[in-house]
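Working notes, beginning with the structure itself.
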Amino acid sequence: MRRSTREILGNLIPQALSLSIAVGIWQGLVYFEVYRFGYVPSVPQVVAAAVDYIPSSRFLHDAWSSTYRVLTAWLLALALGVPLGLMIGWKLTVRDVVFPSIELLRPIPPIAWIPAAIVFFPHVEASVIFICFIGAFFPIVLNTATGARQIEETYFRAARCCGASERLIFRQVVLRGAMPYIVIGAAVGMGVCWMAVVAAEMIAGERGLGYMIWEAYSLAQYPLIIVGMFVIGALGAAMSRLIRGLGRSLVPWQRN
Amino acid sequence: MGCTLTTILSIRNVSKTYRVRGQEGVLALDQCSVDVVQNEFSVIVGPSGCGKTTLLNIIAGFDELSEGEILLNGSVLASPGRNSSPGPDRMVVFQHGGLFPWMRALENVCFGPLARGQMPYAEAREKARDLMARVGLQDIEDLYPESMSSGMRRRLEIVRAIMGQPQIMLMDEPFRALDALTKGVVQDFLLKIFDTAPHTIFFITHDLIEAIFLADKVCVMTSRPGRVKKMIRVALPRPRSIKLLNSPEFLRLKDELTDAIHEEALKAFELGEREAAR
Amino acid sequence: MQAAPDRSALSAERRKSFHKSVRAAFSVVALLAIWTGIAAFPWSITIPSPLASARALLQLEPRPLAADILLSCRRVGIGFLIAAAVGIPLGILVGYSRWIRNLLFPLIEVLRPIPPIAWIPLAILFFPTSESMVVFLTFLGAFFPIVYNTIAGFSGIKPMYLRAGKSLGASEWRMFWHVILPSMLPVIFAGLHVAVGISWLMVVAGEMMAAKGGIGALTWEAYQTARYPLIFVGMALIGIFGFLSSFLIRIAGNAVSKWDAR
Amino acid sequence: MRRQIAACALALMAAISSAGGAIGQEAVSTKNAKVVLGSLPLAPTWGVTIVTKAELWKKYLPNVELERIEAMSGMPIVNNILAGKIDIAYMGDTPALILGSRRDVAESKFVAATEGDDGGSSVAFVKNDSPIQSITELNGKRVSISFGAYTHRFAEMVSDAEKIKFQYVGQSPEVGLTSLQAGRVDAFITWPPYGELAVHRGFGRVLMNGVKMNFSSVRCVVVSKAFAEKHPDILIGWLRAELDAHRLLRERPRAAAQLIFDDWKKFEVPLEVISAGFTYKVFPDDIGPKWRKVMTDSAEFLLKQGLIKQAPDFATFIDDSYLKRAAAIPSRLDLSKYPN
């Protein structure tokens, strides 16, 4: 449904206004060195750093390293998490066997895995991707399991009435029925992936946006830190929106 | 329509005991015996909780019986310890709707034959499209169930049921959730299908009017534990039309049925009260 | 011909739950077995086995360990409570008044996607003490999920609740307290549940990268001093106390909803 | 009101110290103030290790409350000074120069040299089974360094001299250590005892150190100018304790090594690694011309390499006035307490 330009404008103006006020406050606090804002980079410094960094090849290299790690981990988490989640949601025995272990490992945040990953993984790529994988895996498994479990028994009975085999029921009823929850899990997983990749790269990433931020901090180029923060925020938001769009096309049958 | 009166499905002294946590075994069905004749519209009517859905689930293979046996075309379908598995020969139309919400209308209808690998996809699509056209549902092929009206969903589910040419169609209070107007429309839809081609229907309801209007034979169940109280033959002419509703024969049948049902409805109410108080 | 129904009924029930716990035990044992298997494999750097980690845990002196645990919990607790105390009213304000929504919502939308970990260098620069810095991180981790869910909760209220409340002539404040807040609680508590998880994630990150003390620092120090079994002990402790705090939130959630269901 | 008290206390102090510290056992400063000390837990800044472990500073600053900020490399300490969170800090020459070059952000002073050597504490390590035998083979290879550390300057000096180029992997030393162990980097250029830990843990060996190139480096005490001007008495008291540490390191090496060993206990650094350091380290009591030259030459080199944008203003940056006033105060170190 096309939104009339007036409505879009009506929406944009207050947003632009509010953001410009926020930026104004930020610049004021830094300029008048309120409390410790003197140590925070000012708006012009950040803009200068951005103008210098964004068009550079270094930015493409950093952005791609982080995105590559996040995507690889996210796809791996989907490839392993969705089938396992569906089986947990569908079959009671699988749930009783697998679920306790997952519940045991789930509360450990991906960041806590970083020391183990740094030491025990031979390559830094593998260790960062593993940490992102852990971040995305649990939300995906748990949401998928919820999705499979909420499918009403009626649909299983209808499928069995039609003579469908277990494998066909898995594909046509369990997978498609749980799809809305899989999409939710994927979106949440992507969010946690970005959080994990930043932490992993800051501590031992050797490249990527998280590493760039920590290096900027180490070399006292503070404005670049803030540029890095907004860049990661934008990339993370863009990829989450991409997933939601993908999700809507995967679940056309649900209007809400 | 002088078809031979062969019994396709015979339910012999079927009993069912439920093991519920805490309470001792609850007897749901007690020595039920019903014969379903081929190409006949058999209706089971009874107060809520009399076990009619349990009986349907046993026939469909979703539940198991404790005593007695069920024969389909003479061969044992279900007996204690050996319950039947669901199959396309006993297609079920579910009370709260069995259409897959994530499949478009055409896909839902084709699901049966495709699931059994009976025919290639193109052929199944053609057959389904043709069947839907014949019953006037041709223009909703690409709709998802959620964007259909409840009446349309009911009709589509019936079409999906007959698509597999089941030996017997089991219908579990399918029109219960419909408003009066839509119910009438879908009842006519079902009767038209029943009249145009030979089908054996095993229909459950708690609505007397609907029972008489649709049925060739009505079996009245007692309140829990469900027993067959009375079998009433409905000799109304087919095709049935709503004008029959106030014909003398219809009213006689209604009185006969009301007497049988009312007694059981009171007992069911008292039973419900006692259980709630426990 | 058939066993008396009641005895088999009860034993079936007990047998089912027995089976469930056997499978759960099997699951945990399987996890430990996999871990031992991985540890046994001759990697370039030997991975400590569960036994080694258990021994490392026993070697830890209880008092400093308890101090670390308390410190991490305190940091999460303070940050989380401030985030709730600020986030929920703010969310309601944004939900209530259009003026505030136009002012604050765009800012929240811009800042929310920034992974809270990315704030750490800036936090190290800005905050005078590492203690205040870590509490800011746990606050930040919890703030966005809470304020976002509160806003969603507010806008999610079925308009008919509002109409029903208004039609009874309920005063603005009573209407809020008896109609709006109770119906928002489930969504708010969903936000709190997510928030406490991220708070824990942030305290671990903060302690590993810049602050002294706490379970995160203990895990990182285990890494620094190459006492690798202790890394897994740290991870287990983080997992346990992370779980306990979200469990507390769930209990609080049920208690509150019981109150409002009265 | 508080400012007046501080001012008169200052005047009083000046009077006492200028009178040649006649009253002997008098504390250098009785002020109760909080002082934030920035240092690295594992680094060749042995002075701070001894001063804090043996609490030598307490004799001169009885009422000072010491708070410590530790970081794994020099640059985070620099950032914290620039952020006004650290008063006294110990670091290598390069981070000190970077700090000095950031005059635009905050003024700071290089008030004492705590330890120096001619290449012994700048070492490149490789894995035991690594095929690399000489530094030139490291051309284009992955080398783990700590950005902005003096060993970063050493790496730049080596690549400049040997006309080779390293592929730097910037990471903190403990991460570098495990990167070497996991084979993720081909070499690890760092400061003691990290490299020596790699050798001790059996996966690393020395490829080369700075001695052949006569690579002199110095560790130093830096303070923010604001702190130096606000609490000169506390700074002098601290430097007095630092000089005591130097005496201990020179006259009681074994006892000093034991103190360092105890402080680094959790890192399990062997005693012999610490004692080996005594063979090539010196602990200057003043900022001699040699160390001033190390600083000015390094500044020039860092400018050339683009690691700093502007050289520190050495006239005000290197300020040994406090060190001289500390040296004037009689030492209260009781050597008998440290049998050798």
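Letters A, B, C and D mark the chains in the order given here, with residues in each chain numbered from 1 onward.
Note that contacts are C-beta pairs under 8 Å (C-beta built on N, C-alpha and C of every residue); 3 or more make two chains touch, one makes a residue touch a chain.
Computed from a prediction, not measured in an experiment: that's the story for all the values here.
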item	value
Labels of chains that are neighbours to chain B and to chain C	A
Farthest chain relative to chain C (centres taken as mean CA coordinates)	B
Pair exhibiting more inter-chain C-beta contacts, C-D or A-B	A-B
Where chain A and chain D are represented by their mean Cα positions, the distance between them in whole Å	42
Gap in Å, rounded to a whole number, between the CA centres of chain B and chain A	49
Inter-centroid spacing, chain C versus chain A (mean Cα positions, whole Å)	18
Residues within chain C bordering two or more other chains	44-45, 124-126, 128, 223
Residues of chain A touching at least two other chains	36, 39, 118-119, 122, 203, 217
Interfacial residue positions of chain A with respect to chain B in the complex	152, 154-155, 157-165, 168, 172-173, 176-177, 179, 251-255
Chain D residues within the chain A interface of the complex	73, 75-76, 78-79, 82-84, 98, 102, 105, 147-148, 169-171, 175, 178-179, 181-184
Touching residues on chain A, where the partner in the complex is chain C	14-15, 17-19, 21-22, 36-37, 39-40, 93, 96-101, 104-116, 118-120, 122, 194-195, 198-199, 202-203, 210, 213-214, 216-217, 222, 225-226, 228-230, 232-234, 236-237, 240
Touching residues on chain B, where the partner in the complex is chain A	60-62, 85-88, 90-92, 94, 96-103, 111-112, 115-116, 144-147, 164
Residue ranges of chain C in contact with chain D within the complex	44-45, 124-126, 128-130, 210, 212, 221, 223-226
